[in-house]
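Two complexes follow with chain A in common, the first pairing it with chain B and the second with chain C.
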Partner chain A sequence: MKPTLALRLLACVGYLVLLSPAALVLLISFSAGDFLTFPPPGFSTRWYVALAGNSVLMSALGTSAILAAVVAVVALLVGGPAAYAIARLEFPGRGVLAALLTAPLLLPTLVLGLALLLVLQPLGLAATWPGLVLGHCLVAIPFAVRIMTTAFAGVPKELEAAAWTLGATPFQAALRITLPNAAPGAIAAGVLTFLVSFDETVISLFLVGPRLTTLPVEMFRYAEHTTDPLIAALAMTLIAFAALMVLLVERLMGFSNAMGRE
Partner chain B sequence: MIGWLLALPALGVMGLAFLWPLAMLFRISLNRTTETGAMEVAVTGESYTRLLGDEFTWELIGNTLGLSGTSAAIAVAMALPVALMIRAASPRWRGLLALLAIAPLLVSGTARLVGWMAILGDQGMINVVLRWVGLTDAPIRMINNWTGVRVGLMESLMPYAVLVLLAGLGRLDSRLEEAAATLGANRFRTFIRVTLPLAAPALLAAWLLTLVLGISAFITPRLMGGGRVFVLATEIYNLALESVDWPAAAAMAMLLLGGLILLMLLRGCVGWLQGKRA
Partner chain C sequence: MSRSSPHLRLEQLVRHYAGAAAPAVDRISLDLPRGALLALLGPSGCGKTTTLRMIAGLEKPESGRILVGGRDVTALPPHKRHMGVVFQSYALFPHMTSVGNVAFGLEMQGVARAERGPRALAALELVGLSGFAQRKPRQLSGGQQQRVALARALAIEPDLLLLDEPLSALDAKLREGVRDEIRALQQRLGTTAVFVTHDQTEALAMADLVAVMNAGKVEQLAAPEEIFERPATRFVATFVGRAARIQGRLEAGGVLRTEGGAALRTHSSLAAGPVEAFLRPHRVRLLAPGEAAPTGMANVLDATLARRVYTGEIVALEANTPAGVITAELHAGTDGLWRELQPGSPMRLAFRDTDLLVFPAP
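Let's look at the complex of A and B:
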């Protein structure tokens, strides 16, 4: 049935609510004023310049980028084989395994962060690289497993079977036939796990220290006590980056497909 | 067997970063906090009795349920037209509309809240427009209080509500709506008597999921509440990092987990009942 006018209007209101925060961030980030005032008293790029000159935020950006890259690689290497097993092999407890590997996504990150702190602090691993990588892997691996499972399941089984009949061992067939065919999915998984780690705030709040801190944590702390367009410029930069990544994933395998919902 | 072997690295990380920390969380919730605030190893339920005997804890539980219950309900109500619109759209538009509705999921939560501050703040869009129209003289306070938190939370829950509704509405047979129209029902009547009852299970599923996510939310109450809004999540953070009372923080986290697990079981039951009826 064709949507009625009332439905169209209500849907527009819904989209307005969903998209207006990002639109306002875009507008305010180019403000020439000193506060988050609307409409901006004038337009300038001064807050982007100020952002580039902010050494705390820039060093946090570096940390976050390196951390996200490491986490994406680890999540793929660790989650990939598990996803292959879930998608391709028949074995007792397969459902339990799949549930266990996505379980962390069901729990609040606040509780996960606190639990990690209680374990890592006594070991002297809080506010260290290994601690942060471990904490981020906890939420990145479930994503990697979910997306890679979809990707492996999308490669026809017959291809692998054909390789077997031609004399390839199951290991060779998986590595040389299924893996290259699942490559777009693997790239999508890599991009999304990078993004998950790059945006992760709450777990990091528990695991950072004065010497080692991430961009989302510094952004959160900045927004807690100051509200000036600098934070909007930073937010806009992150939104643009995320949008670019989503477009990349959409091109590779379809965004909603990659999320593998329900 | 080879399946478990392939999953061994992933299981190792999960054990190290998930199961062990959760076990330690429970263990530390049984420790004792001494008069001086230091932690003493013990096996006692003191942290739990202390929390449950404190009226503030019950206020926090009430705040948390009230906030997430209402925000989830509004989010689902606002997501329904969006989901119906996506369902009715031509295949060419459907992908784009769906992407727009769930894209906020990948934008950092803090970034979106900065946008809401620019909309709801004293010098924000809504207040400026209201003053310009002449409806108000003094700014209406909409951030650093419950209003701001409720709006921010509602918006962050909407994309999830859209996803659940899309999955649920996909199974809904649109021929029933067409039949109602053929039999003379107008659009509004068709919606109230046919679409809404058929969508009810999806609406309930969406509300339960967003309720769980709302109860777990921390960034939104903390940032939009400006330190004046207290829920379980903000209090766990305060206890752990500001008062550094680990047994109390762990005990409150266990209470939160218990409540969430109950809700998830309820969700499972509802899903099972609906599956049985269908």
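Let's look at the complex of A and C:
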């Protein structure tokens, strides 16, 4: 069915509403002025130059990128086997496990962050790498489990059965047959958990310290005190980065495919 | 193991599914000699696929034993059974090429790396697919995928080849060719095989032995001719081949008397009482006017033609008789008598006493 003119118009308006904040930030990021104002008094790239020279934000960016990569790997390593168990194995308490693994998604991150601080502070883990990884994994793992459960469930069981009859042990069959066929899901889960960690603000607010801080937290603090377009330049950089990752996945395998949609 | 002992033996296999009142497989026992091909034939839900999956180790029987070459494999997981399985969906590994699929099995069997390639290619050549070794499954037609699945199962030189409705996903046109190829290959390699089908023609054409199954039980285990000509039960008579049903009472001397007043001779040794007899259409002869019944054709019925269905090679005459509606199938080319007949025409039909398959009325 061809979309009618009205439907197209509606779609255009929808996109306009969705994209206009980003467009606004894009324009402001190239502002020549000293303040976050619209319309900008003129255009320049001075705020991008200033951003590259801001050591606090740049070091926070490095921390966030490394943290997100570590979280993505941990989430895949923990979430992958858990997802396989939920999708494929019959055992008592399977439903409970599935519910427990997705529970953190239902809690407000504010509650999670506070709880983590209360637990990690006495252990001396607040404002440390392990503490941050743990906190982020708590929200990243449910995403990984969800996506990978769908991915594993989408691989026909007969494939594994065929591998068994050919002499593969259940472990070999899972690793050599099911996992490669669930790879698009694993990559999607990796990208998504990376972005979840990279964007995570609320939990980080509780867990960062003066020597270890993440980019969203620093952005938040910066925007509290300063009102220059530097923050817009940073936002655009992050958007470009996220878009680049999506593009990369799209190039590798088709993004919609990776997200488990046909 | 003695030479005469069966290669595959099922002993009293039982399997229930949770929530089902009747067992899916109910005390199935059978023996299969080495090198033979057994067809498990039955309607859907009769337990044939469950039986096959239990032999493969993909499902566990609640009780009973499975022996292969005299060895009890009941407790073994599938990867230790060394059986080649061709799944209904073929279950080819989508991320591997044809040759990769076949080589995977060889690798799992511990075949040395250098040997795998040549052996996998040889297996593909066996099924006529040597030119498609580097194709992924999605680049192959249904028939080609089926052959890769067969090559993969055969390459490991299995103790037993198991096929689950191997032809059901193929076009009707392809089916006959593939059917004959599988049979030829199985005979050439001498592989003992079990295959599941709901298609009686497939079972009769391919198998050395046919087990007709119904409601979790084997109704009859016999050679194809035996199944068709001498069905052991009413179910087998109706499920395999077509037949007209004649209801009546069996009297002394094996005479079947119908409500319409016909008295038919049978070979039945059943006790007197209500019975049901089945008569295959190809057994019924059409007599010319005034023609005496040929020797041995003890039964002659006066009939009226109700319907004539011409399908080229065969013409089916549906006739009303004192024994009910009886269908006669004639070779349209060789037997010209039918051309004179129109609906309503009187006619005479003849058949042997042994052609009536008599069972107690249900």
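Heads up, the rule we're going with is that the second predicted complex is superposed on the first by the 228 of 262 C-alpha atoms of A that agree within 3 Å, B and C clash if a C-alpha of one lies under 4 Å from a C-alpha of the other, contacts with A are read in each partner's own complex, and residues count from 1 in each chain.
We adopt the following convention: contacts are C-beta pairs under 8 Å (C-beta built on N, C-alpha and C of every residue); 3 or more make two chains touch, one makes a residue touch a chain.
Everything numeric in this text was worked out from a predicted model, so none of it was measured.
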*Using the touch definition from the top, say if A:A60 reaches chain B (first), chain C (second), both or neither.*
neither
_Contact-wise, after the overlay, does A:P180 reach chain B, chain C, both or neither (first, second, both, neither)?_
second
_If we overlay the two complexes on their shared chain A, which of chain B and chain C does A:A161 touch? Say first, second, both or neither._
second
*asked:* In the superposed model, which partner reaches more residues of chain A, chain B or chain C?
replied: B
_Which of chain B and chain C A:A87 touches, first, second, both or neither_ = neither
*Touch check for A:E250: first (chain B), second (chain C), both, or neither?*
first
*asked:* Output check: A:I147 vs chain B and chain C. Expected answer is one of first, second, both, neither. What do you get?
replied: neither
*Which of chain B and chain C A:A72 touches, first, second, both or neither*: neither
_Intersection of the chain A residues that touch chain B with those that touch chain C_ = none
*Note which residues of chain C are touching chain A in the complex, please.*
56-58, 77-79, 81-85, 87, 89, 91-95, 104-105, 108-110, 152-153, 156, 162
*Could you please specify the touching residues of chain A with respect to chain B in the complex?*
1-4, 6-8, 10-11, 13-15, 17-25, 27-28, 35-39, 77-79, 81-82, 84-86, 89-91, 93-94, 97, 100-101, 103-104, 106-112, 114-119, 134-135, 137-138, 141, 145, 195, 199, 201-202, 205-206, 216, 219-220, 223-224, 227, 231-232, 234-236, 238-239, 242-243, 245-246, 250, 254-256, 259, 261-262
_chain C-touching residues of chain A, taken from the complex the two chains share_ = 156, 158-159, 161-170, 172-173, 176-177, 180-181
*Touching residues (chain side chain B, partner chain A) in the complex*: 1-4, 6-7, 9-11, 13-14, 16-18, 20-22, 24-25, 28, 78-79, 81-82, 84-85, 88, 95, 98-104, 106-119, 121, 123-125, 128, 154-155, 158-159, 163-164, 167, 174, 177-178, 181, 187-188, 215-216, 218-219, 222-223, 233, 236-237, 240-241, 246, 249-250, 253, 256-257, 260, 264
